[in-house]
Amino acid sequence: MSELTHFDASGAAHMVDVSDKAVTSRVATAAGWVKMAQETFDMITSGEAKKGDVIGVARLAGIMGAKKTPDLIPLCHPLPVTKVSVDLTPDPDLPGLRIEATVKTTGQTGVEMEALTAVSTCALTVYDMVKAADKGMEIGGIHVTLKDGGKSGRYEAG
Amino acid sequence: MSELTHFDASGAAHMVDVSDKAVTSRVATAAGWVKMAQETFDMITSGEAKKGDVIGVARLAGIMGAKKTPDLIPLCHPLPVTKVSVDLTPDPDLPGLRIEATVKTTGQTGVEMEALTAVSTCALTVYDMVKAADKGMEIGGIHVTLKDGGKSGRYEAG
Amino acid sequence: MSELTHFDASGAAHMVDVSDKAVTSRVATAAGWVKMAQETFDMITSGEAKKGDVIGVARLAGIMGAKKTPDLIPLCHPLPVTKVSVDLTPDPDLPGLRIEATVKTTGQTGVEMEALTAVSTCALTVYDMVKAADKGMEIGGIHVTLKDGGKSGRYEAG
Amino acid sequence: MSELTHFDASGAAHMVDVSDKAVTSRVATAAGWVKMAQETFDMITSGEAKKGDVIGVARLAGIMGAKKTPDLIPLCHPLPVTKVSVDLTPDPDLPGLRIEATVKTTGQTGVEMEALTAVSTCALTVYDMVKAADKGMEIGGIHVTLKDGGKSGRYEAG
Amino acid sequence: MSELTHFDASGAAHMVDVSDKAVTSRVATAAGWVKMAQETFDMITSGEAKKGDVIGVARLAGIMGAKKTPDLIPLCHPLPVTKVSVDLTPDPDLPGLRIEATVKTTGQTGVEMEALTAVSTCALTVYDMVKAADKGMEIGGIHVTLKDGGKSGRYEAG
Amino acid sequence: MSELTHFDASGAAHMVDVSDKAVTSRVATAAGWVKMAQETFDMITSGEAKKGDVIGVARLAGIMGAKKTPDLIPLCHPLPVTKVSVDLTPDPDLPGLRIEATVKTTGQTGVEMEALTAVSTCALTVYDMVKAADKGMEIGGIHVTLKDGGKSGRYEAG
């Protein structure tokens, strides 16, 4: 098992030195979901325009959230992300919304934290917009599904 | 079922008008967890000082995350939070870390989004610090456990 | 004519002391527009879903922009805004989009800067989303249309 | 006419993928103005030191505003800007202040949004500092005057 | 000697609960200095306009820095500051600039961290603007000179 | 003596154009200290776990502070820092804590402001956590100890 790279030999937290890592194309994808009551699900996925665009607002919050990653995660490197997309898909079996985010960069370290932060911020925003109707929603299943580019090679969730 | 308050009659998103709500003491608690491989769990919860203080760093990130809530969640009101605490507890049965956050304010609207954001940021930070050892971790179980103060009364997760 | 309150007697900039001003309900409205080529206007206001929701994204950016006002405007007081709404209306005579923002607070100073910042951020976001099609767009007409609450009384643009 | 690049084929907003664009020197210039009452204009452009340095404060706010562009504009890429300058010129015929901002980067996408945001933030700051004397000021004429570098070539306002 | 209030009984960091503290008028003043070479001092304090307004830029940075305090200091409460002023005074005996900042709020906790952050940000900005001429400058003497309002009473540096 | 590069020929502040500077590996180190009463020093450096991890929290605040440098210092360029470390060492002779920060980047301009901001934010955080016990602490000795990489060559404090 690898070491915990975010701590030095004495156990002190630090931002890992990536100065000598290659500038390469990197991509990461993360996923997650928001589970809700059946009637909440029906309300936000029905075609009635007057219910408002929960999915559109949450998607945008996820994209902006990716850009805030180095502000939120103490030891994350700031990175010039070159692409962010966030998809929300209604899943009647959950019932709820499934979220997937893809982030790319051309840089010296990976973007899986950006993808996870996009998913997480998107899910929180769904909760915020729907909470007046349903306080019992649950956010879960947040994990990295793909990471590629850079020295450690390709990772795909099993 | 209540309406989706974050949209006006035409379906346009807006920040809800809370100008006429009372300034009262409000509290919210949220919970969640990070599930990891057994050997990852052993590594971060063992007493060996050299592994670094994952829990201490993640707790602090959660506290600071609560303060960033109105930056992250588009329609959230900015609020002067008066208390934030974040607890991480190792759970060998998960295995992983259970997270609980409590936020208070004296204001015109509730702080459940702040508590959820604290939990979420804390969990992402655990992932960041441990990801070199374990990319397969999962974040889940994020939900509001308690909300009190304000007109809508006390809510406790069942 | 009033003095320039943002400077002290020696001409040094400062954040005005509002400690002794009353906490009252305050509201401000501002307006502005983005003028564009006729075919650009047709494209973003036509019903074709595939063109994307320019208005929805720009509205959300305006709401979030209002919350960033004290970060952007050096001598602005931070204020807990209690309501923000932003409306975009297609105007075929411009041709372009007319923007109006309303902000409320319960505080010690007015929110006209928040309303102006919402309009301005919303207009910039329209430009950003449409610029691949039309670089010649112009943003203008940004002014305060209403300010009320507080000692200086009600102001309405003539 | 070009497509709206900020939306995918289904109309969902995304941050455009610039991963494969060349890293080149890019520059953009934008302009705008703040129109005010004659006596307001006289006050802020007169040599009396005690009136305070409206132009100096607004210039600095514009420069800092350029750096906040990816925070404000939802689908903007974060970019390491390599130069920002903002000029304010009194124009007695307006009467008011004319603003021009120039931004450079060495990156994968253009900086016209940074230049427009600098002009806009500068204009809002002028309004803020002078509003105690003149609430009727208007901000307008905000447009891109020059954009160069990158694949789409040189653009100059007609 | 008082306890370290920022840690709970188990030693975990938290944001102190100030929910039950009174909302009162609070003020704090802090001071500090930047020491520099004699010729650097002469250059930035001479009347030659072409040298640029180091003091004006640094003052504004200090004021804006006060507003960023809860972003920078992990366990600081966000507070609606109601006044910030920063004064820079050339001191030929240092030689260098003496800085003093005053911050007020009407809130539930003190503003000494805001005053210290204003001084510190102002001093860093002086360093930034002058560093091309003098890398050996030193920032020091940063301390609280006055704190008043709230339960703990008036504090003045001896 | 060099010119003040942050001002143009007319004395107006601007962000220096670094577009034509080489992208090279750059490093900077800065130092400083927080001086406190003897009993305060004993309390935070004693082994009693219940006193809380002042040093761990302050170290993290320093690392995060480095990332906020372009937000705080008006004319600083945004830079993708590639490493940040902050060390705190108890010094019984002060008595107090000595702070040292090292920052690296691969970019077009130096990182001494990032190193200084890390030290400064770390010191302010120590003050915040200990202020309930000791309001008379002083922050000082903040200076650049090393700067290397880039055209101007290596600088070391004498």
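Points to keep in mind about this one:
The letters A, B, C, D, E and F name the chains in turn, as written, and every chain counts its residues from 1.
Just so we're on the same page, a contact is a pair of C-beta atoms (placed from the backbone, for glycine too) under 8 Å apart; a residue touches a chain by one contact, two chains touch by 3 or more.
Everything numeric in this text was worked out from a predicted model, so none of it was measured.
Here the chain-to-chain distance from subunit E to subunit F, counted in touching steps, is 1.
In terms of C-beta pairs in contact, D-F outnumbers the other of A-C and D-F.
In summary, the interface at E-F recurs among the listed pairs B-C, B-F or A-B; the equivalent pair, sharing over half of its contacts by residue number, is A-B. Where subunit B touches subunit C, under half of the residue numbers in use are shared by the two copies, so each contributes mostly different positions.
Averaging Cα coordinates per chain places subunit C and subunit E 31 Å apart. Chain contacts: subunit A has residues 12-13, 53, 56-57, 60, 64, 71, 74-75, 78, 80 touching two or more partner chains. The touch graph of the protein chains shown belongs to none of the named shapes.
The list of touching chain pairs reads A-B, A-C, A-D, A-F, B-C, B-E, B-F, C-D, C-E, D-E, D-F, E-F.
Listed in rising order, the residues of subunit B touching subunit C in the complex are 8, 12-19, 23, 70-71, 74-75, 77-80, 107-108. Within the complex formed with subunit D, the residues of subunit E that make contact are 53, 56-57, 60, 64.
Here subunit B touches subunit E in the complex through residues 25, 56, 59-60, 63-64, 66-67, 78, 80-87, 104-106, going by the rule given at the top.
By the touch criterion stated above, subunit C contacts subunit D in their complex at residues 1-7, 9-13, 32, 39-40, 43-44, 49-54, 57, 60-61, 64-65, 68, 71-76, 112-113, 116-117, 120-121, 123-125, 127-144, 147, 155, 157-158.
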